[in-house]
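Read through the structure below, which is laid out as structure tokens, and then see the notes.
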Amino acid sequence: MPPNPQLNANGELQHLLSIEGLPREILIRILDTAESFVGVTEREVKKVPLLRGKSVFNLFFESSTRTRTTFEIAAKRLSADVINLNIAASSQSKGESLLDTVANLSAMQADMFVVRHASSGAPFLIARHVKPHEHVINAGDGRHAHPTQGLLDLYTIRHYKKDFRELTVAVVGDVLHSRVARSLIHGLTTLGVPEVRAIGPQTLMPAGVEALGVRVYHDVREGLRDADVVVMLRLQNERMSGALLPSAQEFFMTYGLTAERLALAKPAAIVMHPGPMNRGVEIDSSVADGPHSVILPQVTFGIAVRMAVMSMVAGH
Amino acid sequence: MPPNPQLNANGELQHLLSIEGLPREILIRILDTAESFVGVTEREVKKVPLLRGKSVFNLFFESSTRTRTTFEIAAKRLSADVINLNIAASSQSKGESLLDTVANLSAMQADMFVVRHASSGAPFLIARHVKPHEHVINAGDGRHAHPTQGLLDLYTIRHYKKDFRELTVAVVGDVLHSRVARSLIHGLTTLGVPEVRAIGPQTLMPAGVEALGVRVYHDVREGLRDADVVVMLRLQNERMSGALLPSAQEFFMTYGLTAERLALAKPAAIVMHPGPMNRGVEIDSSVADGPHSVILPQVTFGIAVRMAVMSMVAGH
Amino acid sequence: MPPNPQLNANGELQHLLSIEGLPREILIRILDTAESFVGVTEREVKKVPLLRGKSVFNLFFESSTRTRTTFEIAAKRLSADVINLNIAASSQSKGESLLDTVANLSAMQADMFVVRHASSGAPFLIARHVKPHEHVINAGDGRHAHPTQGLLDLYTIRHYKKDFRELTVAVVGDVLHSRVARSLIHGLTTLGVPEVRAIGPQTLMPAGVEALGVRVYHDVREGLRDADVVVMLRLQNERMSGALLPSAQEFFMTYGLTAERLALAKPAAIVMHPGPMNRGVEIDSSVADGPHSVILPQVTFGIAVRMAVMSMVAGH
């Protein structure tokens, strides 16, 4: 078996590439570390000097203002110097290869690369080529993984539900195209969640998803019954006009989370969404803004989780 | 009467949304505070730690490199962490609402939002929805207001003329579309300027402008006579080819500030312009670069005024 | 003779505009200062406080993510506040002149302008109009100069070859359109390199290049013979489909650096390239990644050289 590309020789977190393959104890250490940073972000001076003098490159080969912003904030609160690179519009168009671009930035004495790329696996490729003191964090690669989003989902679930080992978690919507869903499902099974459900139309369900330990439902009411956690996935705009889905309205009719449907879940169920929400498509506004929603706390915890990952790979 | 949305329960500045409705003593306190920052920006190390560890978001729903730059510099000189968000190109295109975008950034533990928006009132809407410890600064909303520009104009006038209560101020050009003019006129009347004149063609004069305490002139020579302060407004390029104006050349012929026309004002008159200037349209180059021009000092004072507003809303 | 626009009255570096005209002792002082910064960039905390509280404006009238990034990193490692301005997309489109744009930024209390412009001479024009305490660094102007690239090339050569006075340096490719080549050639002759060769087709050779002290070769094998340093120039994509060149493939056939051709140079020859490389056009991958290549160290030294220039103009 090849060594885990995310861990160094001492078994410590070297890169964060995917939740798949992360040992349970590392997952838990990330969540514990994030907990200590939640306090920092609530202080008057929301800064700690852990990454002072370090250069963090936000390498976005696919633009995403929201995700880039969360990493930029996390890095600045750790006192790092942050360089934002929107590569879509730059050297790549000059015909330079991905690895030459990274080798060049690495020669500028980078410490960390936060990588978003439309191709699955790009952050793994980069991680294989950087120097030993450099770290790669996957900020979303193709349909493959979005591990910090998965981690903040796990953090949020633990925050509200404490113990993973008695939970029923329902993931609803376009599981097929969702790197968020993939990352989360791996985390949930690693942390011992006994029942993970994927709810959606057959056309949006990946082949063989059951092999991940997931139970598939096509009827949203059945799938939501007695759930402790409901995770609504974002429906990409580009899918809505495609062949896989009749229309946004019809999706909402069939799978959208309404108060009435949510009532089938446990009374203390929490509702999550990775954002940005399509109100009236995946979720009714009354639910999005209602008492079960923890969608905004997810965002807050997301900063702390990213600070945790950045500081852990940097060796703190 | 509803409470003033710009003040907190103690009557202190909570948001800066418009000069209209700001109490005179708050206006003066901003100018006094700005005065103390003019010194800072002239020092070797142009930084004070007042906003250290605070996160300032430049939320530009309408792009404006110049205005964004002034706020970015002001925030960095106060030691804040600044995050630039060009929202035109981002989540909004993913169909997320203005308030969802702001709620998300707020969940990232924002301290301050500097908002530029093409729709009048957008910063007010945001201010109504942020948390008590968060602050909103209007960096220009539609045709409505541009209060920091108005404040820097007031600062500049006070710097050169000392006492507002004996001044004649002439505002020349496209008053109709100018949020700069609106903000300035409110400030001038609040601070007791006895004579404010608006000079321009009828087509560029807002209906009922006299109700603001302004005297309207269509003849530039009459309007400039014995003025202490001449404020030239920028003519938007898009107006020049429109129905409201015959041509840029004709505008210059009729209203452009030449040395000969400026000679009608008081000998010690100052000439202002919010920039960027259209030389040869609103103003002759000899005047723009001449001894009466205080156009570049306006820019310098603008940084100090923005530092003052940011530090005051943050409670310093 | 007019005073050197790059030096102040005490003969110290005030602006960096071109290597042409820089006294030998200043060139050497820059290289020596850069050497001290190479150590800084290898430390855990890669920051020195030399430019703390200074405002550095990256004024890019022509976009170049790579060059902008190197200056941004250099300035941040000197603890400056960095403001990135992509002017192509901003005020210029509002019809403001180059000098008005700069005058405005200067009024915001700028300390340093890093200027990239498609027009040769633009940084010189700006340098003539800024205030005495402000500094201009040319980050590439038209076909004219790219002095920090030239300096990092010189630094790299000195690092590996120690003594300039016994070297044969071969510059290969599109010398005609290369500001990199111009800057480097001036530096090499100033530092006493006895033999500088320019290798390329007649169509890509500037008229009268011999007057710079350069020997022209059209046969790459002849030109490379016994060279100590081989500098490959980037072939601009836009040239490849033009009248000056048959095709990229043919260029590689005639002038591309292969291992077999490189074997004609001295056994300890180093191979340089300003990046981004077109593998298989200017250079074979086996050479780019081979033992003679110092292309990535060039990038590393480039940060140190930019830190040196910035700190020297600022008076440290």
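Order as written gives the chain letters A, B and C; numbering starts at 1 within each chain.
Everything that follows uses one rule, which is that contacts are C-beta pairs under 8 Å (C-beta built on N, C-alpha and C of every residue); 3 or more make two chains touch, one makes a residue touch a chain.
Only a predicted model underlies this, so the values are computations on that prediction, with no experimental measurement involved.
Enquirer: Should the pattern of chain-chain touching be classed as line, ring, star, complete or other?
Expert: Chain contacts: complete, every pair touches.
Enquirer: So chain A and chain B: same face meeting same face, with over half the numbers shared, or different?
Expert: Result for this pair: different.
Enquirer: With chain centres taken as the means of their Cα atoms, state the distance from chain A to chain B in Å.
Expert: 41
Enquirer: Among the residues of chain B, pick out those that touch two or more other chains and give their numbers.
Expert: Residues of chain B never touch two or more of the other chains.
Enquirer: Give the list of chain B residues in touch with chain A in this complex.
Expert: Residues of chain B touching chain A: 52-55, 81, 83, 85-87, 89-91, 94-97, 100-101, 103-109.
Enquirer: If you look only at chain B, which of its residues touch chain C in the complex?
Expert: 41-47, 63, 65-66, 69-70, 72-73, 76-77, 237, 275-279, 296-300, 302-303
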